[in-house]
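Which chain is which? They are A, B, C, D, E and F, in the order written, and residues in each are numbered from 1.
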Amino acid sequence: MVSEDIKKLAKDIKEIKIQGASNIEKKAIDEIIKYIRKQKTEYTEFISGLYENVQHIVLQRPNEPKLRNSMSYILNKAQEMLTINQRQILVDDIKKYEQKTKEGNLIASENTSNMIKDGDVILTHCHSTLVEESLKKAHDKNIKFKVYCTETRPLYQGRITAKRLSDYGIDTTMVVDANVCNILKKADYFLTGADVVLADGSVVNKVGTHAISVVAEHYKVSHTVITTTHICEPQLFNNLRRAIETREIDEVWGKDRPKKLKIENPAFDIVPNNLIDKYITEEGIFSPETLYFWINKVNTKSI
Amino acid sequence: MVSEDIKKLAKDIKEIKIQGASNIEKKAIDEIIKYIRKQKTEYTEFISGLYENVQHIVLQRPNEPKLRNSMSYILNKAQEMLTINQRQILVDDIKKYEQKTKEGNLIASENTSNMIKDGDVILTHCHSTLVEESLKKAHDKNIKFKVYCTETRPLYQGRITAKRLSDYGIDTTMVVDANVCNILKKADYFLTGADVVLADGSVVNKVGTHAISVVAEHYKVSHTVITTTHICEPQLFNNLRRAIETREIDEVWGKDRPKKLKIENPAFDIVPNNLIDKYITEEGIFSPETLYFWINKVNTKSI
Amino acid sequence: MVSEDIKKLAKDIKEIKIQGASNIEKKAIDEIIKYIRKQKTEYTEFISGLYENVQHIVLQRPNEPKLRNSMSYILNKAQEMLTINQRQILVDDIKKYEQKTKEGNLIASENTSNMIKDGDVILTHCHSTLVEESLKKAHDKNIKFKVYCTETRPLYQGRITAKRLSDYGIDTTMVVDANVCNILKKADYFLTGADVVLADGSVVNKVGTHAISVVAEHYKVSHTVITTTHICEPQLFNNLRRAIETREIDEVWGKDRPKKLKIENPAFDIVPNNLIDKYITEEGIFSPETLYFWINKVNTKSI
Amino acid sequence: MVSEDIKKLAKDIKEIKIQGASNIEKKAIDEIIKYIRKQKTEYTEFISGLYENVQHIVLQRPNEPKLRNSMSYILNKAQEMLTINQRQILVDDIKKYEQKTKEGNLIASENTSNMIKDGDVILTHCHSTLVEESLKKAHDKNIKFKVYCTETRPLYQGRITAKRLSDYGIDTTMVVDANVCNILKKADYFLTGADVVLADGSVVNKVGTHAISVVAEHYKVSHTVITTTHICEPQLFNNLRRAIETREIDEVWGKDRPKKLKIENPAFDIVPNNLIDKYITEEGIFSPETLYFWINKVNTKSI
Amino acid sequence: MVSEDIKKLAKDIKEIKIQGASNIEKKAIDEIIKYIRKQKTEYTEFISGLYENVQHIVLQRPNEPKLRNSMSYILNKAQEMLTINQRQILVDDIKKYEQKTKEGNLIASENTSNMIKDGDVILTHCHSTLVEESLKKAHDKNIKFKVYCTETRPLYQGRITAKRLSDYGIDTTMVVDANVCNILKKADYFLTGADVVLADGSVVNKVGTHAISVVAEHYKVSHTVITTTHICEPQLFNNLRRAIETREIDEVWGKDRPKKLKIENPAFDIVPNNLIDKYITEEGIFSPETLYFWINKVNTKSI
Amino acid sequence: MVSEDIKKLAKDIKEIKIQGASNIEKKAIDEIIKYIRKQKTEYTEFISGLYENVQHIVLQRPNEPKLRNSMSYILNKAQEMLTINQRQILVDDIKKYEQKTKEGNLIASENTSNMIKDGDVILTHCHSTLVEESLKKAHDKNIKFKVYCTETRPLYQGRITAKRLSDYGIDTTMVVDANVCNILKKADYFLTGADVVLADGSVVNKVGTHAISVVAEHYKVSHTVITTTHICEPQLFNNLRRAIETREIDEVWGKDRPKKLKIENPAFDIVPNNLIDKYITEEGIFSPETLYFWINKVNTKSI
């Protein structure tokens, strides 16, 4: 049975009252921890109840990958419990996961900031907290660089990037999404975050990332992705055939749109591994191929 | 001295009360014909007055190429007059130019429609009357094809395309501007108009055309441009160094934008000739190289 | 009404008793000339009868382009006749066309042979009389070069090339069709004929030519096409949407093939203009773009 | 001394009475096990005799890599024996190797089948048991996809693929080998097996694979190779300079071929690592670079 | 019989006492004019003598194309003479040719200078008078641009460019020949002259031009060639198989070089037409394909 | 305080009396070992003194990477000392490092020599001891191959390669640096050493390597780098932003150069990882991505 609190949270997520991948994830974790603490049932019942409540949250935004990753983590850890009394261990594990993710973010952005040089020209797309933090850290070190950001239709998340960076004092210029050729002709990096990394090192990110990445390769500009290894799911082959969330077409054109017009509004794009130059993570630099290799074959206990 | 009527027209153009390249051109030609008919001056004075009035119109939108092309035509023809009494010949020439342009459009779109086959998938960008007419003609011939169009930020001219084609019964789907990889992966044509054709066969078109053309080439999809030879200026080398009109940044983000944020808002992109597969015109099919060759070296009297 | 002789000819063509593009064309011209000489009707009746008989031949092999081109020529010329008494002029014109085509072949192969140097490595596909003649002429000049030819499935026309060149004393090696990477890695030319040149300079040639041309470009090897300007139809836009002849699937796998297996057996491939380096013709060297330009815009009376 | 049974087996392999890489391997293993069991000699003599008999088999088809790999395994394991009495341990090891290879095949094809989606279009070349099994498993899961296969000259192994898949109910279309451009233009995968994986992740596979892989890259289609890690030899640098088996030219053109014609008939092609998108194995997904890295640097005891 | 003056001139050319393509051409024309004026022979004798003397000059530097072109012109014009008395007409023609070439140079460099914009970054290789003049003219117009030039081994002709441009006040930087990646990554043009334009629009220019052109294409930088139509020979197919002059290996490494070391020292490179973006000439802008088309098919009387 | 011996060494390095990366490294290690042995100070003082002396050496040639790598190693090892009495352990460690590097070189060149086949054509640039040794070893095995080497401006280190290989009996041809297109068109390898390998597998090598690598990729020729894992620094993100040593411009053009001419004379180039096919090391074959992965993630104790 889905608890009332979880129902309310789910509604807020669906109606986008709560938004932003990290924010959604945080709120969901908080509510699930509260839920876990309140349960007084037998072990089996606890697990099935937890599963039901987690599913209810995840289904509101089937392709919000950060959310799904931490919810999967919680379910996996719960299944390692032997009795219901180990709930506190579960809660501690969840908090450690949150903490480790946070630390991973700090190190990954510090690493990225060390890569940036005076005079660099950087293009970014959409809003990524890791990209934002990396650029702020580079700015803190008095490196003089120039950022271009797209507005990122349909929801204009690029404006968040634009505002935060320019308010912070970074030399920032915004352009419409398809106006990238002149910028990439003379740029040093196309820098993005990642929503999910697939089992072959391809990246799922905000729609438009794929096209801009093609243009970056055309001009021999490095598409560098900042991420943490926590975002990478354990190797699943059907990971490669992941369906992409299709969102409301009102986001693209409201009710005054023509009757017979179709609109496609996928939330994400898949950038194939061969277009990505490197991943910067809290564990160091990886190529698309070695990132997944690290997770699945070398450091299998890391997550 | 600039006449009051011309001043009013110029103001309307500047404030975008009159818009659309063909519409602006038509209104300007009408007013200039009226102006020419009213003049009663000596030849020299007539020419310098005409020059002043034409300049005044053109300067409102320095990169509205169709407008500039017909105004240049008028000034050139005026200089061929021997006496002020030949004004009627000038007016007739102007009307012939208008008529010929109109016929050229009809033939070019007929030609394009003959290229389209059942099952074709076509991507277009922005709104081009020639693209619209070509697709409608193909539809009239009962050819079953599918059109994708971008919304074309910042001014959403792609919605004009989307509305007119879907209202006409054509299978039409709109996407945001950077969402073109999945479409081009399986498309047959990237079909656009041209604002100007430069002296080396490169094309000036709505911002974003260049990036989408790069993606089209990545997937080996033909970038086919529909145009008429009337749009091509006589060969000028400084044509190649043409400045691109920069428009109001409010078009991209209104007054609530961050103070320190810069915005670049060029109206146009230059697509280099090597990305363009072919031009379809009223004179037949050209490559970027043979189009200009035709105009300057073979058919030098055609315009 | 289709004459008995034409009916017999058509049957032989259909059942491939008569084969080879030039041979089919020759036989058809001979029969049509005989037919023309025999007619004693009025002008209008003559034209419609001629049309009916020509159509009957052409329809046996809807994509035998050489045949269709000369039959079109005959119909066009017939329409220039003013009275039935000018039949001899028509016959003379047809013979001049045959003669001019033959001379064009000689010059084109002479031109090509002058391009070949000692030590050249040349790959060819299928059998083309123009390629064969060019290589023999180069051999006659004591140039030492090496030819690779594919076997050209399903009908093994490459064996014709292999036999004629090796019998002539040319250093010739045959390989299966897909075994071209090692050869092209160190080759100087991929040399083919053309069945039709389309209105944008793309070439229709034996199936497989497109794939080999892609591999040639991968290794920066020139795809040089030998043709005559007589093969190029007057510019037709629907030329670009030409359907490709689909042949009997028995050619690929006989009656013992699995019941549920589908087989696709197109006779031809379309190689897009951007993969073709140059055309060598009786009129000189052309790029894909200038070849059609020559025919339609410069030398419009040449055919 | 080579035993009579081994001599007979070798003769059958040479004359292609026994064919198919897995079948040859199985028969050879069976005979070698029988041979091992029969020996009653001293240890040193046993080893040299085994070496002689294994060599005799391998030399019949110097480039049948699967055969050579298991024979190497047997020789290596034999050298680990301390006394002749450990023959049973050797036989057990050989059987475990066979078993492990079989299981690896099952997992690799299961993994591949999970990658295939409804609507996928897949091209394959030659016959690979792993490809066949993968596609059958995907079909068993009710996924609706379309397979194209080449006929694979000169020995038409593609017909085996064509027959087995179409008999199984899979939507299968066969084409001649060079007819791949139209298919790859709209395909999702070029899927092949591997005869050997070289020390730099390049793949040795049926002649023609390289050219088709070039065309796949041209259209941005993933060349995915299914293999097991058992096929990869321990890292040998001269692995990179492997000679390719040249087979009888009668396979290409029988005795009626022209006297002076040369024919090249290599059995295999080497596809360089940069053309291969990924390997699917029983151990998961690898890039060409990480596959060998896994075998030599991470899991060195795995084989 | 070769005259003493011509012998002396030939010796000076061979020993590089006279150098620089234009300079050699000028001296040779002057001497040939003197020779023509002195002859008092019959027409046939005159022609054969002229042929002998011209040959003697040309053979000193078999690949000095400018020299050969004007000498061919002289021989062709001489053959148009009807009697020996028309020698003055011949001399006048030669002078007109010289004058026209000079004017062509002026217009071509003026045209090029109009293409250059403020902020442009231009790479050039070797020394070309047309490149030098174009850049000086752009500088005269107060355009602010930056030039990089290579030193151009083995004879350091790039130093001539470096000196003349920097002395003229142009912002000029010299680098060694292979140090072009960082420059081309952010450049606008790779600008060179041409020694000969071949019949397919490929260009023969100083060794190294081909490699730098490949790098320019890698970074999508236009390789723009400045030339005059006078440099283009009438269409000859064996033009395509032109041998490249091999020069003294002492130029690369003097007498102290190792005994067994081979050195290859070709004077020129052939840049294939597909790497060249455009030609700027006195007749306007051409693509590699339309340049030759112009000369052979449109303006056949122009030279 | 910097010792007198170290001061003298530093002066000799700066004035290029001591040159060649390995030689400089050896001399510096010898002097530092002598310095360590002489110290009689407290631990803290010892460390700071060592740091000061090492810095003094390194600063003479800030981009002599081999030197810096071994000096870093010494400082790191010194910091592992617990007391000043462990100096002998430190000295032993330094000698082991020297020994291991030497052995690594031997194995890496042996590995490379096993990759070379009869008939191979190899281009190399500058002088690399590893390349030299590899080619000599292949020659010792009686493999018949052909080497091309560039002269490598400005300091002509290619002549060292040219002399040593040709004196050794290897078929060696030298060309000027930009004369590489004709060679790479038909070559099998572009083989170089590496000055440093960056954290993403990119390579720092003699200026010109990047451009030649671009041309190699153009012709699908493998850029193979021979190195040892000892050259790879532990993963540092600012490794990626490494400044490149700028050397005296006199090396390019001496005192007679024009006053206003600028010269850029970087010592090194950075070749991005995607242009490099493989690394051959003493540990086996790596891709650019797995080489660093090996060092940082798998074999972290190896250096």
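By our rule, contacts are C-beta pairs under 8 Å (C-beta built on N, C-alpha and C of every residue); 3 or more make two chains touch, one makes a residue touch a chain.
From a predicted model like this one, the values you see are computed outputs, not experimental measurements.
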Discussion item. According to the touch definition, list the chains common to the neighbour sets of chain C and chain E.
Written reply: B, F
Worksheet item: Expressed in steps between touching chains, what is the minimal separation of chain C and chain F?
Response: 1
Worksheet entry | Equivalent interface positions on chain A and chain F, same or different at half | different
Worksheet entry | Pair exhibiting more inter-chain C-beta contacts, B-D or A-D | A-D
Response to the item:
Rounded to the nearest Å, the gap between Cα centres of chain A and chain B is 41
Fill in: Inter-chain centre distance, chain A versus chain C - centres from mean C-alpha coordinates, in Å
57
Worksheet entry | Multi-partner residues of chain C (each touching 2 or more other chains) | 218, 220, 289-290, 293, 298
Worksheet entry | Pairwise chain contacts under the document criterion | A-B, A-D, A-E, A-F, B-C, B-D, B-E, C-D, C-E, C-F, D-F, E-F
Worksheet entry | Residue numbers on chain E that touch chain B, as the complex places them | 111-112, 114-117, 220, 222, 277-278, 280, 283-287, 289-290, 293-294, 298-299
Worksheet item: For chain E, which residues are in contact with chain A within the complex?
Response: 185-186, 218-220
Worksheet item: Which positions of chain F touch chain E when the two form their complex?
Response: 125, 150-151, 153-154, 159, 162-163, 166-167, 169, 171-182, 207-208, 210-212, 214-215, 218, 252-253, 257-266, 269
Practice prompt. Write out the stretch or stretches of chain A touching chain D in their complex.
Written response: 199-201, 235-238, 240-241, 272-274, 288-290, 292-293, 296-298
